[in-house]
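Letters are used for the chains, namely A, B, C and D, taken in the order the chains are written, and counting of residues starts over at 1 for each.
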Amino acid sequence: MDFDISPKQRVFLDRVTAFMDEHVYPAIPAYEAEMNVLGAERWKVVQVLEELKKKAKAEGLWNFFMPPHSGQTHVDDTFQFEGEQLTNLEYSLIAEHMGKVGFASEVFNCSAPDTGNMEVLMRYGTLAQKERWLRPLMNGEIRSAFLMTEPAVASSDATNIETRIERDGDDYVINGRKWWSSGVGDPRCKVAIVMGKTDPTASPHSQQSQVLVPLDAPGIEIVRMLPVFGYDDAPHGHAEVILKDVRVPVEEGLLLGEGRGFEIAQGRLGPGRIHHCMRTIGAAEVALEKMIKRLMTRKAFGKYLSDHSVWEQRIAEARIDIEMCRLLCLKAADMMDKAGNKSARLEIAMIKVAAPRIALKVIDDAIQAHGGAGVTTDFGLAKLYAGIRTLRLADGPDEVHCRTIARMEMSKYGDLAYKQKAERDAALHVPGIR
Amino acid sequence: MDFDISPKQRVFLDRVTAFMDEHVYPAIPAYEAEMNVLGAERWKVVQVLEELKKKAKAEGLWNFFMPPHSGQTHVDDTFQFEGEQLTNLEYSLIAEHMGKVGFASEVFNCSAPDTGNMEVLMRYGTLAQKERWLRPLMNGEIRSAFLMTEPAVASSDATNIETRIERDGDDYVINGRKWWSSGVGDPRCKVAIVMGKTDPTASPHSQQSQVLVPLDAPGIEIVRMLPVFGYDDAPHGHAEVILKDVRVPVEEGLLLGEGRGFEIAQGRLGPGRIHHCMRTIGAAEVALEKMIKRLMTRKAFGKYLSDHSVWEQRIAEARIDIEMCRLLCLKAADMMDKAGNKSARLEIAMIKVAAPRIALKVIDDAIQAHGGAGVTTDFGLAKLYAGIRTLRLADGPDEVHCRTIARMEMSKYGDLAYKQKAERDAALHVPGIR
Amino acid sequence: MDFDISPKQRVFLDRVTAFMDEHVYPAIPAYEAEMNVLGAERWKVVQVLEELKKKAKAEGLWNFFMPPHSGQTHVDDTFQFEGEQLTNLEYSLIAEHMGKVGFASEVFNCSAPDTGNMEVLMRYGTLAQKERWLRPLMNGEIRSAFLMTEPAVASSDATNIETRIERDGDDYVINGRKWWSSGVGDPRCKVAIVMGKTDPTASPHSQQSQVLVPLDAPGIEIVRMLPVFGYDDAPHGHAEVILKDVRVPVEEGLLLGEGRGFEIAQGRLGPGRIHHCMRTIGAAEVALEKMIKRLMTRKAFGKYLSDHSVWEQRIAEARIDIEMCRLLCLKAADMMDKAGNKSARLEIAMIKVAAPRIALKVIDDAIQAHGGAGVTTDFGLAKLYAGIRTLRLADGPDEVHCRTIARMEMSKYGDLAYKQKAERDAALHVPGIR
Amino acid sequence: MDFDISPKQRVFLDRVTAFMDEHVYPAIPAYEAEMNVLGAERWKVVQVLEELKKKAKAEGLWNFFMPPHSGQTHVDDTFQFEGEQLTNLEYSLIAEHMGKVGFASEVFNCSAPDTGNMEVLMRYGTLAQKERWLRPLMNGEIRSAFLMTEPAVASSDATNIETRIERDGDDYVINGRKWWSSGVGDPRCKVAIVMGKTDPTASPHSQQSQVLVPLDAPGIEIVRMLPVFGYDDAPHGHAEVILKDVRVPVEEGLLLGEGRGFEIAQGRLGPGRIHHCMRTIGAAEVALEKMIKRLMTRKAFGKYLSDHSVWEQRIAEARIDIEMCRLLCLKAADMMDKAGNKSARLEIAMIKVAAPRIALKVIDDAIQAHGGAGVTTDFGLAKLYAGIRTLRLADGPDEVHCRTIARMEMSKYGDLAYKQKAERDAALHVPGIR
C-alpha cells in the first residue's frame, strides 16, 4: 500500500493542470460568449473548444481514458491511435481536474459518452466498425451517443427495456423510444450505440443486443431536448429519440454478437461510472473552494462569515467527505486496473453512490454560503448541483447500486443452511462483548 | 386547543379547492401553451391568468391574505376594498392549496411580493399613497416589487445595506444596486418599495427608510433577470436593478417616517415568510402525491417500486414531516392572529426554517422516484426543487433565523449572573436523573 | 382550530407542575440515595416514591391517564375509582412534564405498563377481574406487567408469536418465553397480561388471546433482568420470563374472548404509545435545557460555547423539532379523543416514529455539549439517551410503523385499476408545472 | 499509489487474525465468566487475559504499535525491547482486527492509554525513566494512565487546564482534579503522566508541563469510577482523581522540559487518536456483520428482514462508509510514517471526526436490526455504541477537530489581502461555469 502520487501520475497531473491554467480557464469567457445565444442556435460546434482540442492533441494530452491491456477481446494490433494510454488509477486525478470545468473533458477527448462508446468499439468492434467510427472518435472529429434508457419503463432494471431490434434479411429493423440520449444535440454527433431486444423470448440476460446506428439513418426522430433543472446543457444536450423502422445492415451494426448486449453493458458501464465519479470529485472541490472564498470575503454581524463556527463545521465535513470519496474512487480505479472491471464492480457501485451524494452536500452548502448568488448563474453552483443531481439516477439509481452492494455483502454469509444454523445459535442468546 | 378545521375554514377551503378543480387545474395546459415562447416574449401578461382572476374575483375568492384587525396603525376607515379578509389561521390551508400550482396564488390576488407590499401600504401608507398604489393592487390591476437585497453585501444582516436615499429639497434621490427584485419582469409591475439608508450616521436600526418608487421613474435600469437554477420564472422573474439618481417627492414616497425602514421590514417580513411556508407545504404535498403515483405504476425487479420497503420508509417520513410542518405553520398563524406578528416572531422563524427543509427532502425523494423524469420538465419536480431551494435564502438564510431562535431560547436562562451561579452548581457535579 | 391551552388544561398543568416543583424535584436526591445500592437490593419498594404517591393522591392528582367515554365496551357503572379523568389532549402536556423526571409518572399513578393494563381491564375485564386487579392498580397498591414480545421471533410481526395458551378443562395451560416484560422486577408487580396463541390454526389475526396471569403462579420463572445499555432500570426493570405449564382458570384469566387478543392489542397499544411520546417530548425539553445551560457556562477559545454559532444552529433545530413534535402529539391525542384510538392510528404511528427520533437528536447534541460529562452519570443524559433509544423498538420498530403509514398513504390512490390508468397517463408524458 | 496489501502487512495480518481465531475469540466466554462479579471485585487482574498475553508475546505478536524511526529525540540505543515494530500503515489493519474484541488490544500489548504513554516515554524519557516505567510497560507487567482532562473546565481548549505543578526545592508539588483518567481502575496501573501548569504566567502554549507520577504517591485519591452509559468498563475503567499536594522529585518526574507539556501532547495525541480510529473501524465491521446475520435469520411479514429493501440500503451505506473511512485511516497512517505526526495532523483530525461518526451510524442500524436484543447485553451492540460515542469527545470533541480542519483549509486562501482582492473580484459578478 502506498498513498503517494506516483511519478507518472505526477507528470501527467502537472501537464494537464498547467494546460488548464494556461489555456482552459482563460478560455471560459470566450466559450460563454459563444454560447450566449438562444434557441436553435445553441446546438452548434463551439469554435473555442475546437481550438483547445487542437492544442491539447498537439501536446499529446489526448485520449487518456483508454487504459492499456484492459482485457480487450477484439483488439486488432493494426488499430493504432494517437494519445497517451493511462491506467484508470493514473487517469483518476487528471479526470478530477477536468471535472472542474464543464467542457474540459472534451478538450482532452475524454468526455462522456464518447469514452464509453470508444472503449466498447475498441473491445468489441470489427476492424471495419473501428475504422468507420472509432477512428474519427479517437481523433476528436465526430461525437457519439448511447441509447439505452427508455421513458416508458423503469430502465434501472435493464430487462424492462422495450426497444425491438428485429432481423429482416441482412438488416436489423429497430423500433423504440429512448431518452436521456446524451450528446445528440451536438451537430458532430454521428453515431449511436442502441440497446434493444433481439429475442424477447430468450433468458432475461440474453434478450438484448447492441447495435451501431448512424444518426442520419431514416426513421430517427429527435422528439425534444430534455432540460435538466432548466438547463439545456447545450451544445451537448440530452435527447428524447424515436426510432421508427430504422434499418442497419447486420454486419455493419451488430456489436459482439446477438444476445450479448447485456454483457457489453456490464463491461461498458464500469469505466463510464467511475469517470463521472472522478469528475464529480473535481466539482466538489470547485464548490468547496468557492464556498470558502465567499465566506472569507463577506461579513455579517460584525465578522467574516468564515469566522462563524457553523461554517467551520461545514468546511471540515466537506473536506473529510471529499477526501474519503477520492480515496474510494482511486481504490476502485486501482482494482479495475489490477483485477478487471467485473471484479471491481463492488467498488464501482460504492463510488457511484458515494460521489454524487457527497458532492451534492458540498455544493448545497456552497449555495447556502453564497446567498442569492448561489441559486442563480453567477458562480455556476446551481448548474453544478443540477448536473450532479442527475448522477444519482444516470447509469442506475442509487437504490439499484445499493441493492448490488448489499447482495454482495450478504453473500459473504452464505445460504439458507447458514441461516438455519445461525437461527439456532441466536436462539441460545449467547451474550458476547464482541 | 382544538385541531379540527373550523366551519369557516371549511367553507373557504371547499370553495377554493372547488374553484381550483373546476378552473385552475384545467387551465394549466393553456397557461403553458401561452408561455411556450422564447426570450423577450416571455415577459408578458398571460391572458389565461387574467381570465382566471376575473372569475375568482367574481366569486368573492379574492384578497384572502389581508387579516382583519391586524394591528394597523394608519388604517383609514374610508379605505374599502373587495374580497374576504381571513385570519392568518383561516388563510393557511387555503394558501397551502394555492401552493400546489405555480400561478394559483395570483388567481386569488394573493401572490408575493404584492401581499406584503399591500399589507405595508395598508398599515403605513397615507390615504393618497393608498389610492394611488394600494387600490389598483387590491383590484389586481397592477403588480409591485420590493427592493431590499443587494448583491454587494451580505443582506441577511440588514445593517449592511448600501443603497442611499438622500434628501434634496422636497425630493429623495436614490442610488444603489438591488437584486432578487421579484416581479419586476412583469409588465404590470408599476411600483416598488425600496429600502435604503437615509442616515448612515444614525444608530444601526434607525438608518434605514422605505420609499415608494414608480418603476417608470428615470434612473431605474433593469440590468438583467436572474435565473433560478436554469429557470427564468417568467413572466414574474427576479431582477437585478440599478437605481441611479432616482428622484421621488418625499411626500409621495416616504412610508411611515424617516429612519423607520427597519421597523416596517420587521412587520412586513412575518406574513410574507409564513405565506411562503404555507405554499411550500402545498408543494411538498404535490411532490409526495406524484412520488406515490409514480412508485405505484412502475415496476423493477418483479414488483412495483411501491412494494420495495425503502420507499415505504421515505413515504412515511414525508408524511410525518409534512404533518408536523403544517401544524407548526398553523400554530404560527394562530399566534400572529392572537398576539401579533412581533410576538409570533419565534414561531415564524421556526416555520421559515422548517418548511423549505422538509419540502426539499420530499421533493428530492420524489425526483429520485421518478428517475430521469424527475430531473427534467415532465413532472415539474426539478422546477419545484429550484423554487423551494431559494426559500432557504430569501427573506434571510436559515442560519440567521436559527440565530434568532437560539438567542430567544437562551434568553430564557438569563444573564451572566445566571451563568456564574450555574457554573458553581455545575462544579458541584450534582448527579441527577432528570 | 385553536392552539391556545384551554382553561382546564391550564388548571391541571399548573397543579401538576406546582406539585412537581414542590415535591418531586426536591425528592430526587432522596430517591437516588435510596437506590444507591447494589445487586438484588435494587429490586425493592422505594419509600420516597410511596410517600409522593400518597401526597399526589391526596391532592387529587391521580389516574389522569384514563380518558372518559373512551369507547369502553364492558364498563360496569358500579366500578368507581379515585382520580381525575382527563381527555388524551388534556393529559398530554401533563404527561410531558412527568417525562422530565424518570419516576414522576408513577407518583401520579400514570406509569407504564400499568396504564395500558388498566385501560384494558376497564374496557374488557369482567367485574370480578376488575375488583381483583383493576381496583388495587387504580389505587396504586400493586403493579402489573404485559408479556407480549418474545426473544425467539421478530415480534414486530405479531403473527410470529409462539407462546401457547392451551385449554385443559376449565384451565388454560401456558407455555412460552417472553422478554422485555417491563416492571417485573418490582416486588409490587402482582399480575401480568399474557398474549399467546389459543388456536394456531385459526386465521392469522384470530389465533391469539390475552390472559391475566398472577405472577406468583407456579411455572413462572424470571430468567434474568435485561439491562438497557448498561442500566438495569431498577426497581422497575425489564425481565426475560419463562412460562412453563402455567395454569389459570379460564374464567379468571380470559380477557374479552378467545381469539380476540389481537383486537385487544390494537386498542391497547395506541394510548401506550402516545403516553411514551408525551414523556419523550419532556425528555427532549430536559436535554435542551441542560444543553443550553452548559453552553452558557463553559468557555473555549475565548468565549462561551453558546457564542459559537454551530451551537446556535443546534439549539434552533432542537427547538423547531421539539415544537413540531409536540404539535403532532397533541393532534394525535385530540383525534383519539374525538374519533377513537383506531381512527387515530395514522397519527399515533406518526408520532411514535417522530418523537424518539427527534428526542435522540436533541439528547445526543446535549451529550456533545457536555463533553465527558455527557456520557457519564452526572447530568443523566446518557441514561436518557438509552431509555429513549428503546422507544424506537418498543411497541414496534420504526420500520413497521412507517410501513403502516406508507400503506395508508398509498391507499389514497386506490387499486391496481388506478395503477393501470396512471400508467397510461404517465405514458403520455404530460408536462406540468404543478 | 497502490491499494494492495503489502506482503509484510499480509504476514502480520494473517498471523494476528489466526491468533485471534485460535486463542482470543474462544477465550471470550472465560473472560466474561471471570468478569461476572459485582462491585469492588470487578477491579482486578483477569487471568484469562494474562495467559493470552503470554501466548501472544511468545509468538512475537507484541508491541506492534511502536513505529520505527518515528522521530524520537531521546532514544537511547541501549534501550532494547521485545516485539515487532510496524509502521503505522502496517499496524492499521491489525489494530482494526483488535478492535473487534474489547480486550484484544491488550493481548498484544497495544492498548490505550499505554501505547501513547510508551511512545512519550520512548521519545522524551530519560534512560532512568525508561528503565523504571517503560521497561515494565513494554513487557506488559504494569499499566499506566494519562491525566489531562478536568471536570471544571472545557478541556478541549487545553489552555483552560487548572492543575498546578509547582516547584518546591527539588520536588514538584501537584494540585488538581482530573477525570476520564482511563485505566486507573486496573490494579496493575502504577504510573500516570500528569499534565498541568508549571508557569501560568508564560505564553499560553508554554505554561504546561508533563510529569510522571507514581500512582501510590501520597495525596492521590480516586474519587470515583465514571460509568459510560451505565457500563463501568471494568477492569480498566475511567476515574475521577484528586491530586492534593502530591510530590515527585523533579528529576524523576519531568518529561522533556518545563513548559513543553503542550508540545508533548501534540506529538502524543496523533498516534493515540488514529489507533482509536483503527479499532473503531473494526467495531463497525463487527456491527455490520452482526446486523446482516440477524437480518438473514429473522422473518417478518413473510420474508427475511434482509429481503426488505430498506435494509439493503442501510447495509450498502454501511459498507460504503466503512470502506471510505478505512482508506482515510490508512492514508493518515501512511502520512504519519512518511511525513511525521505533525505534518499528518490534518489527516489525523479528519479520521478522528469521521471514524466514530460512521461507526455510530452502523452500530445504531445494527441495534435497530436486532430489535430489543440490540439495546441489551446479548449482542454487545449497546456497549459498543456507548464506547464509540465517547470517542466523539475523547482527545477533543468533533467541533474542535473540525475547527482545525477548517482553518487549515481556509489558510490555503491566504490573508486579508486576499480577502480584499477577492471582494473586488466578487463585486464584478463574473459569471462562470466552473
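Quick note on the criterion: a contact is a pair of C-beta atoms (placed from the backbone, for glycine too) under 8 Å apart; a residue touches a chain by one contact, two chains touch by 3 or more.
Keep in mind that this is a model prediction, so the values were computed, not measured.
Under the contact definition stated at the top, the chains bordering both subunit C and subunit D are A, B. The chain with its C-alpha centre at the largest distance from the centre of subunit C is A.
The distance from the centre of subunit B to the centre of subunit C, each centre being the mean of the chain's C-alpha atoms, comes to 40 Å. For the pair subunit B and subunit D, the distance between C-alpha centroids works out to 50 Å.
Each of the following residues of subunit D touches two or more other chains: 151, 308-313, 373, 377, 383, 399, 403, 429. Partner subunit A is touched in their complex by these residues of subunit D: 1-6, 9, 25, 28, 31-32, 89, 100-103, 286, 288-289, 292-294, 296-297, 304, 306, 309, 311-313, 315-317, 319-320, 323-325, 327-328, 330-331, 334-335, 338, 347, 349-350, 353-354, 373, 377-380, 383, 399, 401-407, 409-410, 412-413, 418-420, 422-423, 426, 429-434. Here subunit C touches subunit D in the complex through residues 38-39, 149, 151, 153-157, 160, 179-180, 226-232, 238, 298-301, 305, 308, 310, 367-368, 371-377, 382-383, 385-386, 389-390, 392-394, 397-400, 403, going by the rule given at the top. For subunit A in complex with subunit C, the touching residues are 151-152, 308-313, 427, 429.
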